[in-house]
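Chains: A, B, C and D, in written order; residue numbering restarts at 1 for each.
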């Protein structure tokens, strides 16, 4: 299969993720969409690694996974805290700060 | 040219007096009037000394100069503070200081009850100094300093009693209208510098022959504008009547004898320009002719003695201007009339002051009558002045005015006939209104109120009147004897060729006397044969009404200049507030408004922020796409 | 497959290593030191590490090497300057962070809960903010010295993640604080996804993850230009997000307002240095030859950013939000330094970053001082008459504001002048003109605050200025001195920057 | 005294001394401030005496490296133009301090702050005229806004803070435009032989006419706001209305001169071609300013606003003189700057005393003051006469020079401008009549006349006005070489008299 197709897939996933961030209200889902975007990027790295015949791209993918895991830790901490305070995981409810 | 070191004292003495009197304040109240009078008198003495020196020199060597210091020097614009005393200015010096001193003396008594007499003398001294500078400056710019200086002194003196709002307004009006004239002088100086490269009399005179007629005409017209302002000539005449708000000695000195004649001086002094600019010269004549009738007509309807005299002054200066506009042949006669007028008009004003002094400052002639008995000396001196202004031989006016009328007739062609007729007509009207003044004031029945107790004025007041009366009687004869003044001034003016003689002098005199007789007769018929109402009748002809309102001069000025000006000012004030500052504020508000509007982007919803980022990212891609393709 | 041991130059890496070590000690301190000693110990450890790191940076100031970590980290003049700036700013920010009043006793407790009250009463103050700060600073130090995409991404996350948490630590108005943390986190993660995706395409374009490799590809026009352009655009999204450029700025007002003020100070100042540092490096080295593609884009963004920031700041009623928008405007000014793409631009940007950072910390330090019984007062209307109540504090704040406004004899002016002249030199005249005009707009709201403080009568509503702690005083005074000194005698600093500011490739 | 730097430092030392005075002893504070300004004035006069009048080069030149990275020097030096303006500023300073002895009391802050601001401002006033480095000039140009801002906002009256803000924003806006131009100059200097801000070097730059035009505008708009020229004038009346009289004197008398000074020193020197290009437009603006300012002055009800608008008219004259490009116009404009300083000072100070006694600045609230307070009335009257350029007053000489100088090249402009002298009579005499003449208005019967301190303050102002009116030569001899130099550098010669075209 043409490696370019993986790229298209990656772009598609990224777009889905990005649109998801914008349209979904639940903080967890929003966060998952972001993870989806990160993984889309990972896919792109791996694909390029394949296309370019260079292993560095795959190394990046590992790093990304680790970083994403850290992000989950921090993110969930924040989301949980706010859920406990507000009894709501909707990102739209958190709009005290504006204008 | 002869130089002298003493010219400056002419000016310095009265100036010093003014400074001392102003700075010393109330401390000088006791002796201020004495000092003021002494300063004026000593300036007169210096003037006499200068005259004696001058007489001792040959015709050509008579002018003397004194350079004081370099005043302004920038590039080629070089003006020295320098004085020039020649045959023309010595006439003025003596008139100013002589009449001035007499009026100082008069004022000591006239103003004795005034709380601010010292200040009055300070102003008088200031005026003398400025007026002397006006006639002694050797360049137009030096003249200009004096020119505005006398305007200032006149402003201060008209407004001497400025606690009365009307008087304060009168002084302001005088100053502003004078400034319009001054603007003309500014223009004249600018044009002179731009076209000739110098502003001194001598410098311009030297270059006059290779200067374009256009430039000279422009200079001449602008000088005429200046003259109309200062000398209350048409169309800048309206301030003079109101200027009578000042104390009467002021009217006598400034608004009759000296300052208002500065225009005549200016034109005469600029003879070399006018001689080379016929158009300007013609305008001078026209202005003079209009004004002499204008003033005379106003004079016929005035009940205020001072305003009647003021109108007369305007008219008489019209004669002088007209004379000066007739070219080389007329200058000397203009000056002669100026000098004789200085005597008789000052005398009459002082007389009027004397009357007012005895009548509790009443100025309405309809409240006078029969004062002959109560004020014999005033009547006598005033009467002599009256005869002089009428031009009854051998009084002063006969010599000077007839010469102008004669010159007017002889100026050639239709112009001569028109001018001659105008001057003759003026003489007739003059006779009418002056007779009216005499009758209303001194003869008939008394019309004054009970509490008024007319009395003759004290010595210090009548003495100057008497001296001036002597001048009114004799000055014309003395000045014209053997063409004394004409010959004295002759070296200053261009030679003039023989003139065609339209009418013989004796015919002119006859005609003039006839007109005078008619005027006198009408006045007698109108005012002596019937009772004079102590309140001005209202059921008078339209012409009288118009004449009472100074031929609508104020209405005209108000309608054409003042009210549109005020309106424009108001509009501009509002425009500045609303449009210009409004635009500035608008920019500020626009910034604030757009800030408030853009604030809306910050909705507080994290998803909208994310959308913003997403849109931003897409736009970035699009932008790069556009740029690179 | 052979596996060679990585060669690390520990001297060059020592500033970051010291900080990470300090952070780890901090974590241990949190666990093992008694609550009474905890704050002072944490503060000592943190300050000690920062100062030590600064000393190390000073020692390596003349090093020029790409070999610190096998080509992943580059140490050169700009790196030293930026790291030093970050460290200095961090030190004076830590002085503010030392004010425990600002931080919630127990971040995990529910706002207003019994648990929270208990923690407060017993003085059981959690001090995790210190190690978090050190982690963040370490990330910031790494960010501008990264020399490949992996390191860059890791550094980005390293500096961001602690900041997300720190934003939520406020003791007062905890809901807002948590909200700001959430927003910061979600948007930050979102933008880093863009960043990473862009990085992937750059890798696709150049077949290399090192900056040098990307640069070589750009110079040689090696790969698919579409990849390059997508890469630049998306990578820029991530960077522009961090610096707060429009339209990626939306987080900053909310986060600045919600976060504890000392954190805001730290974040506003230090993050900006780090993010611009990285941006300068990558644009000046890797992308320099693709200038044609990104200059127009950055120019437009710079212009929009400065104008938008200045305009919206006018409409603000909250001092922290106002400073946030002001910082957006300043991001616009700083972008002109990137656009300039010349040595003067680099020097100017570094100077500007340092000067602006110091002034910002000083400004927020003043904000921490104005309080009522419920904590900080950030409503500008209640700042009325501050000049009457506490003239010195108000004067200092006015000084910082004037520096923000770029009035001569303050550091802000020299910064603005140098950065605009650099941009002009590179031909970016439109940015300079927009910069000048938006400076005029910006002046308006800075001056309005001065008017409020000095020319309006105070309202008696309990607002007062607390006596600054000695550490806060040090911050304010130091910031003030630097702000003025850099305005009046900037020559030594400018010279120093000038001799060092050259990127090695 | 022959060091400009020292001269600039003197007021700073003074302000330190002021700061050191005990808070309770306000009189001591004032005395220290007065002493400082007097010493500075004396030092400046000493400097003026040793100034070589015929030397067109800059004198008392000092140059210290300041920010070598950008080629910026602390470079000062003066020619005749700068000397005259510095002289004016430093002579006005003690007068302002003495005249406004109690101005500092109504303020938001202490007396000390007031005098510190004044003294700092004095340093900057000297510096702004002495600077020969464009950057240094700009720094002072902008920095001097700050003390004035606080002086207006802190010690003024009425809508003082709004007026102060308006003043500051307006000025900053202009300043920033100038900054853009300065940056461009700096960059160009870098392209043409090394970064520099030296005025002399910058004037040698080669640039396209488009560039020159834009850069010129950057400078000119800043100066036109400062000067202020129509239609950028609307900050001035507000500022003058709110500021204390002393501040107004410094603001209109000195600070605004920086605008017209800048036009000569920077616009003409740096952008000779652009100056010529824009001359027609600027002359029109100048003429509009003259007439417009006069009309607006006539229409004002507030004494301070009225004075402000007269100044707008006067600045129109100055600008016209500058751009007439003749030696008379130029020297006249420079002399005008000097004279305007004193005549405005007289108006504002006396007006200020009137206002503080009456407690109102509305002209209609006055009336009959001549009888109640003769000395004050006289002072006001003389100040007014100076403002309307009565011959014998200093303003006449300068105004006439400007008119004559303009007329030789631009007769139409000069003619329209001359109408301004009639309007001047109105805008002075109307308030004179309302305030000084007429019956004494109720409430004014017991106003006190000037006290000794006030007399001492106003006397030198009036003395200078009259002295220069009669004997301007000492100043003109200093100004002429400088003006001639500028005109010559621009390649202009005075138009020759047009005689001989008959």
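Convention: a contact is a pair of C-beta atoms (placed from the backbone, for glycine too) under 8 Å apart; a residue touches a chain by one contact, two chains touch by 3 or more.
Just so we're clear, the structure is a prediction, and the values are computed from it rather than from any experiment.
The central chain of the assembly on a C-alpha centroid basis is D.
Taking the mean of the C-alpha atoms as each chain's centre, chain B and chain C sit 79 Å apart.
Centre-to-centre separation of chain A and chain D, using mean CA positions: 65 Å. Centre-to-centre spacing of chain A and chain C amounts to 25 Å, using the average Cα coordinate of each chain. Work out the mean CA point of chain B and of chain D, and you get 37 Å between them.
Chain contacts: chain C has residues 182-183, 186, 190, 194, 253-254, 444 touching two or more partner chains. Within chain A, residues 18, 21, 30, 91, 94-98 each touch two or more of the remaining chains.
Listed for chain B are residues 588, 599, 602, 604, 606, 610, each touching two or more other chains.
Contact between chains, per the stated criterion, is found for A-B, A-C, B-C, B-D, C-D. Taken in their complex, chain B has these residues touching chain C: 588, 591-592, 594-596, 598-599, 601-602, 604, 606, 608-610, 612-613, 615-617, 619-621, 623-625, 627-628. The touching residues of chain D, counted against chain B in their complex, run 169-170, 230-231, 233-235, 292, 295-296, 298-300, 326-328, 331-332, 368, 370-371, 374-375, 378, 385, 390-392, 396-397, 400-401, 403-405, 407-408, 411, 414-415, 418-419, 421-422, 424-426, 429-430, 432-433, 436-440, 470-473, 476, 480, 483-484, 494-502. The part of chain B that touches chain D in the complex is made up of residues 22, 25, 69-77, 81, 141, 144-145, 147-149, 152, 155, 159, 162-165, 168-169, 171-172, 175-176, 179-180, 182-183, 186-187, 189-191, 193-198, 207, 210-213, 215, 568-570, 572-573, 576, 580-581, 584, 588.
Touching chain B in their complex are the following residues of chain A: 18-19, 21-25, 30, 91-92, 94-99. Of all residues in chain C, only 182-183, 186-187, 190-191, 194, 225, 229-230, 232-234, 236-237, 241, 247-248, 250-251, 253-254, 292-294, 296-297, 300, 308, 311-316, 441, 444 touch chain B in the complex they form.
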